[in-house]
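Okay, got some structures for you below.
Shared chain: subunit A. Partners: subunit B in the first complex, subunit C in the second.
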Partner chain A sequence: MIVVFNSFAANLEAEKGLSITPSLTGFATLDVEDQGGLFSKRLNPEILTIRNSTYEPALARLEKGLTNGFFVVPSDSVTLIQNNDSLATVLYLDYRDPKRSVIRQEVNNTNQALSSALTSSYLESIKSQNNTTNTGVNEKTSGESLPLQIVRKVMLAVLLFLPLFLFGNLVIDSIVGEKERKTGEILMAMPFTSADIILGKSVAVVLTMALQVAMWMIILLGAGFPLKNAGIVYLTVVLTALPIVGLTTIIAAYAKNYKEAGIGISFSYIFIVGILIVPLLGYLSRPSPAANISPMTLTMRLFSGETIAPGDILLSFAFILILSLISYGISIKLFSRDDVVFGPRPGIMRLTLELMGLKKRGALK
Partner chain B sequence: MKLWALSKKEAQDILGNKIYLLVVLVQVFIILGAFGLAVASSVVSDPALLDQYGITSNIKVGMTQDLQGSQLAQDLEAQKLKLVYYNSTQQANQFLGGQLAAVVTISPPGEVQVQLDNANVFYQVASTKVRKAVNNFQTRRILHYSGLTSEKIKAIQEPVTLKEVPVAENEKVEIALESAYFVEIMYGFIMPFILLLPFFLASNIVTDSIVGERERKTFEILLMVPLSSTMVVLGKIIPILAFSLIQSVAWILLLDLLQVPIFNTLLMVAVLFSMGLGFIGVGILISILVDSTKEANSAITLVLVFATFILFVPLFIKSGMFQGVFNFIPTVLMVKIASTPVIGLEIMLYLLPTIVISILVFLVTVRSFKHERAIRL
Partner chain C sequence: MSSRQVMINIEGLSKSFGKIQALDNLNLDIKKGELLGIIGPNGAGKTTAIRIACCILQPDQGDIRVDGYSIHHDPLKIKSIIGYLPEEPNLYERFKARDLLKYFAELYGVPTADINPRIDELLELVGMTHRAEDRINTFSKGLRQRMGIARALVHDPDVIIFDEPTMGLDPATSQKIRNFIHQLKGDKTMILCTHYMDEADQLCDRVALLDQGRIRDIGTPDYLKSKIHGDVILQIQVQDPQQSDQDAITALPSVEGLEVVGGKYHISLKSREEISPVIDVLGRRVISVNTKEPTLDDVFISTVED
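The block that comes next holds the complex of A and B.
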């Protein structure tokens, strides 16, 4: 994955037009009549399959849906350009095909590139004739492009947080496994509280995750990834493991079997990834202190070497702490109930109302 | 009939799983979210769409006070950009990267200075529009004293024109957004992702199928049922494959409703069927080979990561060397099938390896099941 991300970022940097778009080789087909060859060799061959043709066969192919468009350049294009005359091109587009906008854009891009080149060369000749000066343009860009930031920073943040999502099965096995192996009763009969059991099992998983994250970071640093503030980055990622494991323990405490728990964590992890990644993407497009609610945003800012206000760090850590307290509180409460652990299990809605104190436990209505 | 009974029992088990049903519903939100994201990213990067939705006025360009009302300011305003004036270039530059997407000034010798914020979400549009405005300004400035006719000046300003002729306009296929980026990202990534999602999410159901029977001590009973190994494996595959296919067809209809038409639906269902058979077959094979559901879940996670890599990375890689191989990747085929109204027969050739691999996976699964049966009974 590291090699893929590195080469992807290198590709993005190497190309002028930075965007994350699929590389759809031969996505659309375009017939071209261009005797001068000025336009056809400038059309993007990576997305268009270009076929040299003439008017009647091309239109017949268009009618049959064998090509998506037909681009006609006047046969005297070279002469027109030499005389500084306007060059009228025509594009026949098949409106039954949704790829028409792709062809339109590619042909427009080619026309604009040629237009700019022709205008510039003419203006250069006039400037040298009239001895006109001081008409240049000095263009500079600052900051890193959004797609490159997404690949470099978001992907790196995702790589750092990935281990936190690989150990859900450990949590599930250590709690649901007790139910399935019928050892839950023995565990409950031991002189431990429900809190001891849940927290004990969670600490073991969090420590495994911490070890994995440490190994991951060593590999990333070894691979040359610029990870600034490595210590606090590590701490933030490991602390984020706490609420994730906490939420997983809720699912494990409630689930009847592995299958149910497995689907439950697939579903909840999509939700957790959303909570982590959406504020991060929002921060890249428009930096806002509120985006620091996601520890992933804080991590990205930390490893990028940004100066971070203490309030931003506090917001992220407070979110981790509150979510951890809530998740462990719920899972301990669930695990201490015989009906949840051994059945008959109450429904999610009733359980929620009971946990919120809106319904008395055991009340039928 | 016996196969039908087994399939019916498996189907009832699946339908009785409330979380699986919830996951089915969640997919609708994933699809709508992905569609919304594609629309937003397309609008943000397309100057014409930004103009159409009146968002261009949110792109702010900083200039110095002395340029207020100048020809350059007029050219920038003609691009519908919002101009904000400052006392000095230094003052304007302080806001670049914040509220300003660009700063445009003219240096004392007459050179146009353009500073663009590369990290701005509207960078592509801001860059195109500012460049266009500055080019217009420069061209006009140079041609001012040239003595050319207005016709000649127009030919120099716009040497190449393009006229679009619609073909079969009365049969026009409506698309949610008339944008190249939208079409590329929807057909080139989001569509295959959405249609394969039901198969990915069904993985937990699949891995439980055999090892779950063993853990629940019902495996021997299943083996004693008067059904051949092929029929048992088919009975396990058919329900989840059918449910996943039904979901995929529903998402095809949803995409049609969202004006992202999927062409060659039958062929698409055939591709999904082949991929589903292979994918679910691998899941059942894992379920036969492992000792516990936990092991099966870990193994299927690895398979999912590997499958995602194989299926989706080729969509984002330009490789002349591997392009011939990429043509056989099922997601690449899905892109071609879904976006092309008239599909060539050569697509069947490209589809062949997917079908062969799926059948092989199925046969290996049946063989493993037979082996397991021989050991157990």
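The block that comes next holds the complex of A and C.
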């Protein structure tokens, strides 16, 4: 134990050694236009990665999320201080960025430290020019604040996707209901394949969902919600219904009765909502192309009127397609198995191994 | 039996559910236009066999060929030529009788122009014309069973499979159902699974006795009955039964078997001519004498007990 502790201590003390203490190094990037270098030299490099820049490229980088802020110090800052004139600095921040508070604090600290080093007359002249902060930073912001975005965009996205979760019972009734009413036996004796039955029932539910989503969107538009690109938004939401119905059919194909199916749906819908909403929230805090894997992110960007790269749309649609193929493939496979439909039903683990080809079907222990 | 005459050929059929062997190398041929009865105790494998024939279950081994089509390669073709009536008719409750038949006719791909005449014909066959516009959930079990028969026939199948069609029905309704089945004899190849031996005796051309997944015996009802017992069973009640009576009776050459059931002697005889010598052995102690023809019930019980 002593040896291990000593090794840790040595590492902590070593200049390039490992550190087990939390570090903020490289926490945020700040573009700075400060020709005199008076401020940029005093910004804390342990927290902020400083990048010298100019107005246009810096704002472009801020817009793309490549930097977390842009700090502008007048080019004649040294002269102004020497002439006892007022000095106005400007800090540009993106309100979507949760790191903005740390940057603001660091810039304020730098200003305060610099103020202490200057004469009181210089300090007064700087303070008198500041209308927004006590530390001499004129802060300009872009974008909506995160809470406002959550209220406006996330809630609207959730409202649009809500109908997709209201029809689980329809899927369950159309498949589990056949088992419970024992009409499934007649259905399976008819000249249809399992795929015909599963896909036929799924299409009926998806069409019902499509109608519901259309009505929902008309109501939202009528209520004054800003929904740009309504056509493609509608298409995305309806296409998202495919894998959701597909996953529900897996549960319905396996479940013996309504009770089992109800429990299965509750758990699976938590999982589906997670897949939809987590990338969306991630995108709001830090835009990333990977967040478009969720059709909800794509939908939000579409109805917000954002310009979307074809790759982002493709990613979302590819995710929908792959998930649909997998889910319908599994449910058709399950529904084709007489032991799953008529019993004795194999356990989930055994079934998974059999579907993966790792265990032979019907092999006794 | 030439292969041209065979409508259903079951070959080496085996199926197990977990550790339970439901069918064990089942082999059977059913001729075109024949009505084959399958009788057997609960769990004998009757329903499993017909579910496999309807392509609802998959066998572990073996094959069934229906009109030359294999259940492994042409299940959809087989399904389209089979009409199946399960033990419980299991109909969609909210449909009206006519709408239900129309729905199934459309699913089976019956040409639109033929649907209404076909429905009228079937409703008349099962005596349901007056209830055509009533919902299924207002029907008694007997009426539902009649609707089930109409549903199974809606696409005019070549093969019809009935699984316990009269189970739980009153005698009058059961007889009506039997009459419907009787009307179809000759035109269609039919399989009738039943627990009622008199039903099989009354309707079937041949009867297969299924037990523990294997056919124990098969033949015409008369053949099966003659095989198990003699021509006649003599039931004699005597005063003061004695062991010496039994010894004397079993010593008679025409006696095939003797059982004592509820104080009565049940004696199997080869022919009616042998009744008199048996009575002579017992003399004046005879209280009553009854004769009984062997039934499929006797065949069934005897086979299952074996």
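Throughout what follows, the second predicted complex is superposed on the first by the 225 of 365 C-alpha atoms of A that agree within 3 Å, B and C clash if a C-alpha of one lies under 4 Å from a C-alpha of the other, contacts with A are read in each partner's own complex, and residues count from 1 in each chain.
Rule of thumb we're sticking to: a contact is a pair of C-beta atoms (placed from the backbone, for glycine too) under 8 Å apart; a residue touches a chain by one contact, two chains touch by 3 or more.
Please read all numbers here as calculations on a predicted model, not as lab measurements.
Engineer: Return first, second, both or neither, reflecting whether A:T79 touches subunit B, subunit C, both chains, or no partner chain.
Structural biologist: After superposition on chain A, A:T79 lies in contact with neither partner.
Engineer: After the superposition on A, what does A:L114 contact: first (subunit B), second (subunit C), both or neither?
Structural biologist: first
Engineer: Please tell me which partner, subunit B or subunit C, touches more residues of subunit A.
Structural biologist: Larger number of subunit A residues touched: B.
Engineer: Quick one: classify A:P191 as touching subunit B (first), subunit C (second), both or neither.
Structural biologist: Touch status of A:P191: second partner only.
Engineer: Figure out whether A:G65 sits in contact with subunit B (first) or subunit C (second), or with both, or with neither.
Structural biologist: It touches subunit B, and subunit C stays clear.
Engineer: Touch check for A:T352: first (subunit B), second (subunit C), both, or neither?
Structural biologist: Once the two structures are laid over each other on A, A:T352 reaches no partner at all.
Engineer: Looking at A:F267, would you say it contacts subunit B, subunit C, both, or neither? Reply first, second, both or neither.
Structural biologist: Touch partner of A:F267: subunit B, not subunit C.
Engineer: Can A:N52 be said to touch subunit B (first), subunit C (second), both, or neither?
Structural biologist: Neither partner.
Engineer: So, A:D94: does it touch subunit B (first), subunit C (second), both, or neither?
Structural biologist: Touch partner of A:D94: subunit B, not subunit C.
Engineer: In their complex, what parts of subunit A are in touch with subunit B?
Structural biologist: Listed in rising order, the residues are 4, 8, 11, 17, 19-25, 27, 46-47, 59, 62-66, 81, 84-99, 101-102, 104-108, 111-112, 114-116, 118-119, 122-123, 126-127, 130, 132-146, 149, 166, 169, 172-173, 177, 180, 257-260, 262-264, 266-267, 270, 284-286.
Engineer: Across the complex, what residues on subunit A touch subunit C?
Structural biologist: 181-183, 185-186, 188-193, 338-339, 342-344, 362, 364
Engineer: Which subunit C residues qualify as touching subunit A in the complex?
Structural biologist: On the subunit C side, the touching residues are 16-19, 51, 54-58, 60, 76-77, 79-80, 82, 84, 86, 88, 90-93, 104, 107-109, 151.
Engineer: What does subunit B use to touch subunit A in their complex?
Structural biologist: 17, 19-20, 22-23, 26, 30, 45, 96-97, 107, 109-121, 123-124, 131, 134-135, 138-139, 141-143, 145-146, 152, 154-169, 171-173, 175, 178-185, 187-189, 201, 204-205, 207-208, 212, 215, 260-261, 293-294, 297-298, 301, 313, 315-318, 323, 326, 335, 339-342
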